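For reference, the structures are reproduced in the following blocks.
In what follows, chain A forms one complex with chain B and a second complex with chain C.
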Partner chain A sequence: MPKNTQQAGKPISPSSEEVLARLEQLAKSIYDQIQSGKPPYLDIPVRTLANTIWDKKRKLLVLGPKTAKREFFDIGESKRFMQTILMLSLIVRARRENDYPTIRDLYYTGKHTIYYVNEYGKKVSEETWDDQRESNAVIQDIEVATGLLREHMGIMHDAKGRIVGNMIIRSKGTEIDLSRMGSGAWGIPSNVDQLEITKVEADYVLVVEKGAIFERLNEEEFWKKNKCILVTGKGQPDRSTRRMVRRLWEEFDLPVYILTDADSYGYYIYSVYRSGSISLSYESERLATPEARFLGVSTSDIERYKIPKNYIIKATERDIKRAKELMNYPWFKESKRWMEELQLFIERGEKIEIEALSGHGFKFLSNVYIPEKIANKEWII
Partner chain B sequence: MPKNTQQAGKPISPSSEEVLARLEQLAKSIYDQIQSGKPPYLDIPVRTLANTIWDKKRKLLVLGPKTAKREFFDIGESKRFMQTILMLSLIVRARRENDYPTIRDLYYTGKHTIYYVNEYGKKVSEETWDDQRESNAVIQDIEVATGLLREHMGIMHDAKGRIVGNMIIRSKGTEIDLSRMGSGAWGIPSNVDQLEITKVEADYVLVVEKGAIFERLNEEEFWKKNKCILVTGKGQPDRSTRRMVRRLWEEFDLPVYILTDADSYGYYIYSVYRSGSISLSYESERLATPEARFLGVSTSDIERYKIPKNYIIKATERDIKRAKELMNYPWFKESKRWMEELQLFIERGEKIEIEALSGHGFKFLSNVYIPEKIANKEWII
Partner chain C sequence: MSEKYRGLSPAEFFHRNKEIAGFSNPSRALYQTVRELVENSLDATETHGILPYIDVEVQLHEDRPEWVTLRVADNGIGIPVHEIPNVFGRVFYGSKYVVRQTRGVFGLGVKMAVLYAQMTTGKPIYVKSSTRDSDVVGEYLLYIDISRNIPHVQKMRIKKKNKNWHGTIVRLTLEGAWLQSKKRIEDYIRRTALISPYATIRYRSPDGELLFERVSKELPEPPQIGKYHPKGVDIEILKDLIRRSNNNDMTLAGFLEKYFEGVGEKIAQEFLTWAGFQPDTKVKELKLADLEKLATAMKNFPKWRRPRPLTLSPLGPELLKKGVKSILKPEFATAVIRPPSSYGGHAFIVEAAIAYGGEIPPQDNVLLLRFANKMPLLYDEGVDVSRKIVDSIDWSIYKIKFPAPVAVVTHVCSTKIPFKGVGKEAIADVPELEHELEIAIRDVARRLRIYLSKLEKMYEVKRKEVTIRKYMGEVSSSLAYVLNMDPSSISSLLEELLKKELEKKEVTVNA
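So, the complex of A and B:
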């Protein structure tokens, strides 16, 4: 298991001093180039699909070795060069002043109009960036150039994950007991690496796709009866939910089970937890849980659990197209079981939701389906 | 102030015995009708727009006095009658067995095919319901017929609100200190009425539309420095977030400030917190906060706070259309200030986001904008 050797549970965010130092180091390299009269440039690892590698052994998408020189005096690159320096200066300022901007804040703060006289003597203007895709892209460049996650740099996002179970977290000097959240749950914050996980007493982690199912299992205290940590990312998970699941697997050796609807969207959510997304492959090493197991609901459950015909939903053309795309992902391709399952989905053209199991009684999911699948090792990997 | 006279903070969910009794009472009325040989019927308050009344004094949308007889032997109503009884039986079963189904679970559990021979001697079939709109509608009918919120009946939804601040909640026998959530927050559960709010030490409630802004303000401990309770409903708020805000206003007399983007979508979110939505008018009495104040960001802030031109976004036709619709809502119509603001939005055709304030520095929102607006009473109502 390619696990981290750090001490389990300790905060793994670099200290604020180190974050600032690494950012300033990047800026200083430019400063030094200018001082010594060289044309300034940045070396940025390339984040394209062509430089994304499927690491078979570690079961992870990782960034390849290719880097690109981004030169100030190259007319095709100077704008992106300046955007990167602009963003770097904003982030450094935020860290120095202990601010926690969102990615949208950074977009606005850096957005301004540059007026200049062009080669024909005409007054023209240019925006520093036109939309947030441009500002987000340079944040990602700074992430790969410094090896820092944007969360380490104090950049916030709309964190939507929830977690509950027998574990204690230390954050901002406070101990938080996630078994004492009542009917509520702990909302996972943006920067999971800053947390110290001081205690975990559980046999496994159960990640449920759907928020409403999480609420139901939490209200029944499923996690208490089944000694597990219950997590939801509410659909497509954000970075912090994925990071939290990863830490529980990596540092506490907990098996991770994913529960989604039986359709290509649900299967893709499993895939994001397990292997990461192609567009953010450079983060997979820290966000993915390469041993995550798909518990269900699966297309083959339709027969196995005798799902009544009128609970079955016809898959759309888009669902089928998506499933065919999934069959080309290396982590699905390498799994005979998954190829069968996806093939079955395409052949039947049918999908079911987690809630379809309620046809066997409201408690079927928690009393029968989940415990049985785990006990009988009927997950799919 | 049309406030509740109940003791502040106490759980206001009816007890599980009472919930069951009220549901069984409804069923019993049908049973009694049948026993005495009468054609069975249900009396259900009508939830149409025509029966929705703007209560000027209480500043609330409420259901009018109109009820409709839903008769089993009326061919146009018998299906809906049967759907209502079917749903009622599912909810009673869930309460008796201490289950917490989601609205989707109830849809699936009740979904089945009825086979029968029609008047021409032909075998035909009919679904109990075809989609969730039908099953949701009868849940709403049962809510208005029994005076119970669906949350009281133990029905779960995907609760997405977060809250943090100087307050203590008791839930499932546990005391939860919402000032000790670290970088995280407490995820508001489905049934807020079940909670006991044992302590609140705050001067006001700040509700922010955007989850990422909530994360930022929480990370800076805005709520600690400004003695407030910080809440987000993450966009269009769900029922439990609205219920929580309402309880803090109603039972603890806290002023409530709403912070959204300056566009018709943001203005509508304010309107939902304050007065409820037309489609769920029967719930407004319990979910709305009729004295909620709109703090910003407003169209008039563009001039007032000298928002740079390139931070301004052109409003779409849809935005303008929506704003015109808002101008017809009674609670906007009765406010001179709001009519001016909406008119200005339509004239300028411009919108800005909360994050546009970051142009004045990352701390401008928390150090200047919010405290100033509150101190100078510059909210809009």
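So, the complex of A and C:
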């Protein structure tokens, strides 16, 4: 089992002094180059597919060793260099002022117009960045260049993950009992690493793709009856949801089950929880849950659970194309069960949603499907 | 200098040959008349070492707008007072019947203009002229007596010269379509100014005044009067030369040595042996059949020396470039002259120039300006050898991407320009000429490519400077904030680094 030496449940964020020091060090290294008469550059690990390595043993996508020099005096990279340094100063300012901006805040704070005269003598202007993809990209650059994650740097995002179950969390000095949320649930904050998980009493973690299913299971107190922690990322999970799932698996040894729709989009969501995305492979070590088990709903469930015809939807061409792409992902490729399942999806060209199980009654999902699948070890990995 | 020619009625000749001479319609006729007079003026000046000053004026008749009065004045050598009637009033009379590069070949054009004017408006031609060494000025109003081919003087006045003026002023009124021809005429004047950058040309018309002041005081070497090259003869020339020799004892060998270029005793002997003639045959005794055989043999003998180019007067690359620059106003121009060459016994020299940018409008094709013996060729571009060459070139290898502001100028100088057809506006694709033209055009195109790549590099450096400087403020202030420093101390360091970076890439471009 991949276990970390970290004491389970303790916050694992680097101290804010250390974060600030590492950010300042990056700026200092640039200044040192300039002062010694060298054209300044940044050394940034390459974040492309070509520099991603599938770590078979750990079942993780990790960043390869390739780095790229981003030179200020190279006109192809000059702007990105400027953006990186600009973003660095914005983050440093937030840290110094103890501010917690979102990635969108940073985009707006750093966006302004540069006026200049071009090489043909014409007065023109340019924005420091045109859209948020550009500012997000340099945040990722700073993450890989400093080895700090944006959560460590106090950068927030619009966190949407929710969690409920028999566990206690300490956040900003307050203890929160996640079993006492009534009909509600606790919103997972941006920086999960600053949380202390003081108590977990559960046999497993159940992650459901959809917010509506999460609501229903919570309303039924599924987690209490089945002694589990219930989590949802509401579709494509954000980093904090994935981090929370990972911590529960890593620090508390809980098996993780994922419940999604039976289509290529649902399978991809499972894949993100399990192994991470290619563009963010540098975060996988911290965010991925390589042993996450896919509970369902699967294409083969259509037969096994005799799903009524009116719940079966025809897959679109895009669904099929996506499924074919998934068959090339290394973690799917080395799983015989997954290859069969994806192949079946492509052959049948049919998909079903979790709600299709309601064809056997509203409680079928909670009373039969989930407990049976877990008890019979009918998950896919 | 006067030679008698066969008595063909000029009126008859004119009617038969209106198209050939370029008087096919009132629009073409006006253009052609301008041409004839301007070219005569240039020949009367530059050929004799005078920096030309030419004044052209077009006026419309007040009551009859189809009547156009054209006045051309020059500061040329002038015409001796007693010769004026014959020069303007008698067809086939003139000083151009020699082997030398001149604009008009037969000296016929101006008389055609006089005839045309006379026939369409019934007005006499006005001529005023004085030579350099004369102390009188002659003024004439004259007609051509069409049936007798002699000038008919209506009025004549000879005055004592009070100023040291010399030159010729010609004024005539003809039926001309000014509106239809004005663009051509202006084009013609403009291009004439290009190919004669040592001339000042003033052009006044109902549309206003254009003044092309000379940009050079340097005249090209005037062409020398030369002998015929043996390859370039025909029976008529042989007959004419024999008649002119006026020597009953002249032998064939002596005749060849005396009247032909590059023919010495040795070559004359060798040729005559090769051709099967007795060197001591008297030329006066040669029969027509002998002359025919002689002419053919002279054309085919492979060992003649190449014709010498002394009879030619190209502009030279410096002058051509000046002309191109002053008229086209490009950002870059270059010109080249090829070594003399020949085709069929006729010497020729090719010059070419290329111009780029500036006031040249970008076009989908190369703008081509053709010249032959310093005359602009405006019509029939599509069938001209220069157009053929320009169109066959892949300009992308010279870094030209159309639409591009690029103009090619070609100038062919020859004792006999191989015109295509009778219009004298297009040069035929004689292989020797085509070869030289292509080399010349490609040569200037290569130089343009060098210029363009330097320019490209210069812009690249400039772009780099602009780009770095654009972001420098942001980088300096951001770094300064993080490191608690003064932004100006960082930006001055960056500024120094930038300077060093740019020095590495410094490029200078000379247009």
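In this text, the second predicted complex is superposed on the first by the 373 of 381 C-alpha atoms of A that agree within 3 Å, B and C clash if a C-alpha of one lies under 4 Å from a C-alpha of the other, contacts with A are read in each partner's own complex, and residues count from 1 in each chain.
We take it that a contact is a pair of C-beta atoms (placed from the backbone, for glycine too) under 8 Å apart; a residue touches a chain by one contact, two chains touch by 3 or more.
Source: prediction; values computed, not measured.
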Contacts of A:316 with chain B and chain C, given as first, second, both or neither: neither
Partner chain(s) touched by A:101 [first = chain B, second = chain C, both, neither]: first
Chain B versus chain C as contact partner of A:236, first or second or both or neither: neither
Most chain A residues touched (candidates chain B, chain C): B
Partner chain(s) touched by A:35 [first = chain B, second = chain C, both, neither]: second
Partner chain(s) touched by A:159 [first = chain B, second = chain C, both, neither]: first
Residues on chain A lying within both footprints (that of chain B and that of chain C): 93
Chain C-touching residues of chain A, taken from the complex the two chains share: 23-24, 27-28, 30-31, 34-35, 37-40, 72-73, 75, 78-79, 81-82, 85-86, 88-89, 92-93, 114, 116-119, 126, 128
Touching residues (chain side chain C, partner chain A) in the complex: 459, 462-471, 473-475, 477-479, 481-483, 485, 490, 493-494, 496-498, 500-501
Residues of chain B that touch chain A when the two form their complex: 94, 97, 99-105, 107-109, 111-113, 127, 154, 156-160, 162, 169-172, 174-176, 180-191, 194-195, 210-213, 215-216, 218-220, 234, 308, 310-311, 353, 355-356, 358-359, 362-363
